[in-house]
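In what comes next, subunit A is part of two complexes: it sits with subunit B in the first one and with subunit C in the second one.
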Partner chain A sequence: MKKCNIRKSDMALNGITYLASLLCELILLSVFVFTFSKGSSLINWDLLKNDYWSKNYIVESSADHNTASQYEKPDDLSHEAYFSRRWGIALVDHVSHEKEKQVLIEYIDPKSPFASVVDGSAGQNKGKELNLQVGMRLEKIDFEDQNGTAGITGTILSENAETVVKNLDQTAETLTSAYVKTAGGGIRGSIIATGYLILVSLLIALPIGIAAAIYLNEYATKNRVNQLIRTGIEMLTGVPSIIYGLMGVTVLFPITKAFGATTTNVLLGGITMSIILLPTIIRATEEALLVVPQNLRDASLALGANQSQTIFKIILPCAVPGILSGVLLSIGRVIGESAALIYTMGTFISDAPTLLTQGTSMAVHIWSIMSGEQPNFELASAISIILLIFVFLLNIGVKWISRRLQKEWH
Partner chain B sequence: MRTNVKSYRNQKRNRHKIRRDKILKALFFTAALVSASAIAIIVIFITQKGITPFLNGDVSLVRFMFGTQWRQDQGVYGVGYIVINTLLTSFGALLLAFPISVLSALFIAKIAPKPIASFMTTIIELLASIPSVVYGVFAAGVITKLVMNMAAGLGLSTAGGSSQLAVILLLAIMITPTITSLSIAAIQAVDRDLELGSLALGATPTQTRFKVVLTSAKSGIFAGAILGIGRAFGEATAVAMVAGNKMFGPTFHPFDITRTLTSTMLSGLKETTGLDYDIRFSVGIVLMVVILLSNLLLNAIRKKIGKVSG
Partner chain C sequence: MKKLLVAAMALLLVGCGVNDGKETGSKDFEGKIQIYSRDASSGTREAFEKGNDFEGKLTKKAVTVDSNGDMATKVGTDKYGIGYVSLSTDFEANKVTPLAYDGVKPSQDTVLDNTYKLQRPFEFVTRAKGDFGSDAKEQLVAAFLDYMQNSTEGMLVVEKNGGIVDKSKGKPWAELKKNHPIVDQDNSAITIQTAGSTSVEKTLKGALEAFSPMAGNYKFAMNQSGSSDGYKRVLGAEKDGPNKADIGFASRAFEGEENTANAMMSGQYCIDAVVAIISNQNTAVTSLNAKQIKQIFTGEIKNWKDVK
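After this line comes the complex of A and B, so read on.
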């Protein structure tokens, strides 16, 4: 009887461990399912190469080529597009992620007046040739009818693609100007800024981190100073990243100011990240140095090499895989970091970030579009997918390297 | 012999070599010193900037520490209720995550067959490597909906799902991998002889796992919990997405919106000068003190309960 009870309670106890692990799997699965179902529709090259902000253009048609004629509808035009036979342009309806109705350009005939327009916006580019591209948003078209009376059509009057095409075909005789916007919604600027961040932070953190690890592992004897240094570095790992952000704006901002920065900037973010990375790199390097057999050091020293030669020619080459895994971990950390960067780089999404201007990394880009009035889940999830893929690839890389590292000596 | 060594060392070539060695050692030492002094710099500068609002008399320290209102628009800054909120959400998350983490750690380390164990380890590692903003988007999209449905089921209403419960669930998910991976290490480090002894005494494998292995590993498991709660205190962006930033408090109702120290530091960040900006450094000090104190407390508890295993 008692045995039976024990067996039952054993099964129950085992059962809850199964349930707990199942729950972990479910969480990971639901994160995946959510981000992929929300964001996968946006994953394409345009997302990676487009600007985030859409640019506005007023375009004017050239005077000798602004009248209607006849154009052939291309065979491969999609069914949702409306084609204007007299102007050689096809338009399509579209609803943006902010739930805004838009009319997009789907196709332009190479001989159409729309294919040869010039920039009409005031500024230094006025009069220069401008190519209207597929995917641009058409806001407004100004035209004149056969009596010379001016008319307008477009989304400004909340007209859809069908009405715009009808107006063009039935009333418009000469084209005056058009107001278009580029697509926007891309993350090219954030990708560039993330690249800068990775470069700057690794350039600073790698030499310092490796040197510190070498000191701790190769030179440091057990005394109080070295113990203090070790404790200091270990304490860095427990500091929340938002505190690093505060430190960045107070302590490190003067450094970037010396380079000519006036606001928070990408360089500041990079320097702040380098301090966040230090403990990671130090630990990874130290772990690699620890597994280098003592025999190698002794042999090198016995052959007459001094300590610095031993370090640079014998020990460091052996530690390269460990350092590499530290680099991969660091890149993952930089890609995923947000709180520290919100303070040090600002949340303004820049399409052309430089080291000394504001910009956002991909993670901060997500924060920026999620903390507004209308959170843009689609774009946030699409960027999340990119982050997840990156982080997982780096993870696999680290695992692969550490497996090789273990094999090397055992 | 001694003179031989000395003359050998004093050869020009070797003097050079030895000096280069010394310079290099100094360089390496500097690097280590720079890395270690970062923590001192962080503490000193943030404290310095954080106490200026009190020294200038812009905010009274007592009203800041024990205040129950945070109104940026009126210049009323009271962090007292925010500390309570932070403690509630973090310990609530720990309460949820701790059993799940320990049980799955036990499953991975002792129960599961090898292929399943390595598969589960990968899953825990992946969970740990997901960036916090991604968790934030997930929380804003899924957890808030879940909380909203739960509230609706109970006949309550929420502010679009942003609530204390949502923060607790989010933090629990985020600290689970941390606690799990440390618990796995602790469980694997348990002496095999202890287990064999227990089995030899007639305990079933399950009894051994729960009564011998877990008890012996509890010091290490507790270390995981300490690390986990540290992460919960410091988590910023994801929490700020679902906290809702209540202006007064403390919040005890799980479906009410809340405000944590970190979400306060991130909310309405526009200017980079002025009192509204500087006060964030004061909140930063409070955050560091909260983390330090709870670490000390939990470590003391760990020492006390850890002793039994000897």
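After this line comes the complex of A and C, so read on.
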């Protein structure tokens, strides 16, 4: 009777462990299913290499080529597009991921006035030819009618493609200018900023972290002070990252200001991240040092090398794979961090981030597009997919390295 | 005891009588009210809750939706639903009825003449004159604000992005442009920094983007974090800190210690209005007041038939 009871409780305990691990797998699976179902439509090279912000152009048609004539509608034009017979341009309605109604250019006749426009903005490119491309957003067209009265048409008046084409065909006689935008929505800037961030934080955290780990593991004797240092470092792991962010923007900002920064910047984010990474790197290095067999140390010392020579020429090279796995973990941490970076790098998505200007890491990019009045779930999920893939690869890397490490010493 | 009872009955009767007189809609519509709310980061929600004095008291039974369009769609398909959107929403297409507030129907006109009260101003304030770091930037900021606040073109952009403007006061940009020779220069090296309210983001972004090619392709960086930072980062405590900005915004009037007298420019560039909506199949009410909205959204009134 008693035996039976024990067996039952055993089974129950076993069951709980099965269920718990099953649940974990299910959660992971649902994360993947959710992000992929929402974001996979956006995953392509354009996402990675395009700017996030639209480029805005005011274009003017060249003076000698600015009148309406007759154009043939191409046969393969999609049914949703509206073709202007007098101006040779086809427009189509589109709803963006932010639920914004847009009018896109679908086709331009090679002889149309729209095919030979020049940049109208003040600056170096003024007067230079500019190619309007299919897929660009048409915001506004300024024109003059028969009597020379100015008129405008476009999405800026909440008009759709049909109305714009109608206005062009029925009233416009000469074009004054047009306001067009590129599609935007890419994450190239955030990828670059993330790269900078990884580079800066590792450049600072690696030497300091490794040196500290060597001290703790090799030189430090067991006394109270060293114990305190060790506890301190362990406590660093537990500090919420938002606190590091606050510290970064108040304490560390003067450092970047000395380099010429005027706003929060990528460098500041990198320095702050390096502090967050320190415990990770120290821990990984220490673990790597611990598994180096004592025999090696003894042999080196017996051959007449002193302690420093032993550590830096024998022990450290042996610990490299372990340190590397620490580096990979750190990269994962940088990629995933957002709270500390919101304070130190700003939340404005920059297309050309430099060390001393603002930028967003990919995680903050997600935060930024989701915090507006019209969140963009699709783009956020697409970035999440990229992050997930990256983290997945990093994990495989860590596994591979630690397996090699084990083979070497056991 | 009997006296008390009679008194109570009398009170009840009188109460009913008064209530009957105040009835705003059809009596026969009943059903459990389903409340829809925006997520906590939404500026529309902030305006709606503040305007009706139930900040943080929203009933836990409310369904959270994550965008203005989503709200309109959800309420449109829920006969017993109530929610709120900004005035720029297409009510008919979403099959929703915009509710009057205190008996005033929401429209461009009632918002502009301030009879529709569920509204808030979008205001801006700049750094002090001579404090922009360069003359060119100072002139450019002045040009931009003139464009956004006073030109017909700028108003159109702001309106397109959900702001309510009085276009009759707009002047053509071609005319205003004469005061701003800076826009004919190459300004691609200048970055205009903005701070403050997140609610202004859409209108501001639209205007900044549209104006950039008209003014030498300047660059801009928007770090919108909340109305309280608008003044602080251009004239207040953080004006020389890492988060300093050229133009600060607030989705309310600058008040108290926020003294805009030192600014190069300050003012209001548009109005935002929030409208309570119900499904167009709902005939219970056509107008609500602040108290009723508070009662509904805090869960005090649970059934449409009790809305009086």
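Quick note on the criterion: the second predicted complex is superposed on the first by the 304 of 410 C-alpha atoms of A that agree within 3 Å, B and C clash if a C-alpha of one lies under 4 Å from a C-alpha of the other, contacts with A are read in each partner's own complex, and residues count from 1 in each chain.
We take it that a residue touches a chain if its C-beta (ideal position, glycine included) is under 8 Å from a C-beta of that chain, and two chains touch if they have at least 3 such contacts.
Everything numeric here is computed off the predicted structure, so don't read it as measured data.
Partners subunit B and subunit C, once the complexes are superposed on subunit A, run into each other and clash.
Shared-chain residue A:350: touches subunit C; no touch with subunit B.
In the superposition on chain A, A:158 makes contact with subunit C only, while subunit B stays out of contact range.
More residues of subunit A lie in touch with B than with the remaining chain of the pair subunit B and subunit C.
Look at A:387: by the touch rule set out above, it reaches subunit B but stays clear of subunit C.
In the superposed model, A:249 lies in contact with both subunit B and subunit C. Judged by the touch definition given at the top, the superposed model places A:371 against both subunit B and subunit C. Judged by the touch definition given at the top, the superposed model places A:314 against neither subunit B nor subunit C. By the touch criterion stated above, A:228 is placed in contact with subunit B alone, subunit C being left untouched.
Two complexes overlaid on chain A leave one subunit B stretch from 152-160, 206-214, 278-286 or 296-304 clashing with subunit C, and it is 152-160. Overlap of the subunit B and subunit C interfaces on subunit A comprises residues 249, 263-264, 347, 371, 375, 377.
Contact residues on subunit A toward subunit C in their complex (touch as defined above): 53-54, 56-58, 99, 120-124, 139, 152, 155-158, 179, 181, 249, 253, 257, 261-264, 268, 346-348, 350, 358, 371-375, 377. If you check the complex, the residues on subunit C that touch subunit A are 41-44, 66-69, 156-157, 160, 183-188, 193, 198-199, 201-202, 209-210, 212-217, 221-223, 225, 241-244. Listed in rising order, the residues of subunit B touching subunit A in the complex are 17-18, 20-21, 24-25, 27-42, 45-46, 49, 99-101, 103-104, 106-108, 111-112, 120, 123-127, 129-138, 140-142, 173, 176-177, 180, 204, 206-207, 209-210, 227, 230-231, 233-237, 240-241, 262, 265-266, 269, 272, 280-281, 284, 287-288, 291, 295. Those residues of subunit A whose C-beta lies close enough to touch subunit B in the complex are 6-7, 9-10, 13-14, 16-21, 23-25, 27-28, 30-31, 34-35, 38, 207-209, 211-212, 214-216, 218-220, 228-233, 235-236, 238-244, 246-247, 249-251, 263-264, 275, 278-279, 282, 306-308, 311, 332, 335-339, 342-343, 347, 363-364, 366-367, 370-371, 375, 377, 380-381, 384, 387-388, 391-392, 394-395, 399.
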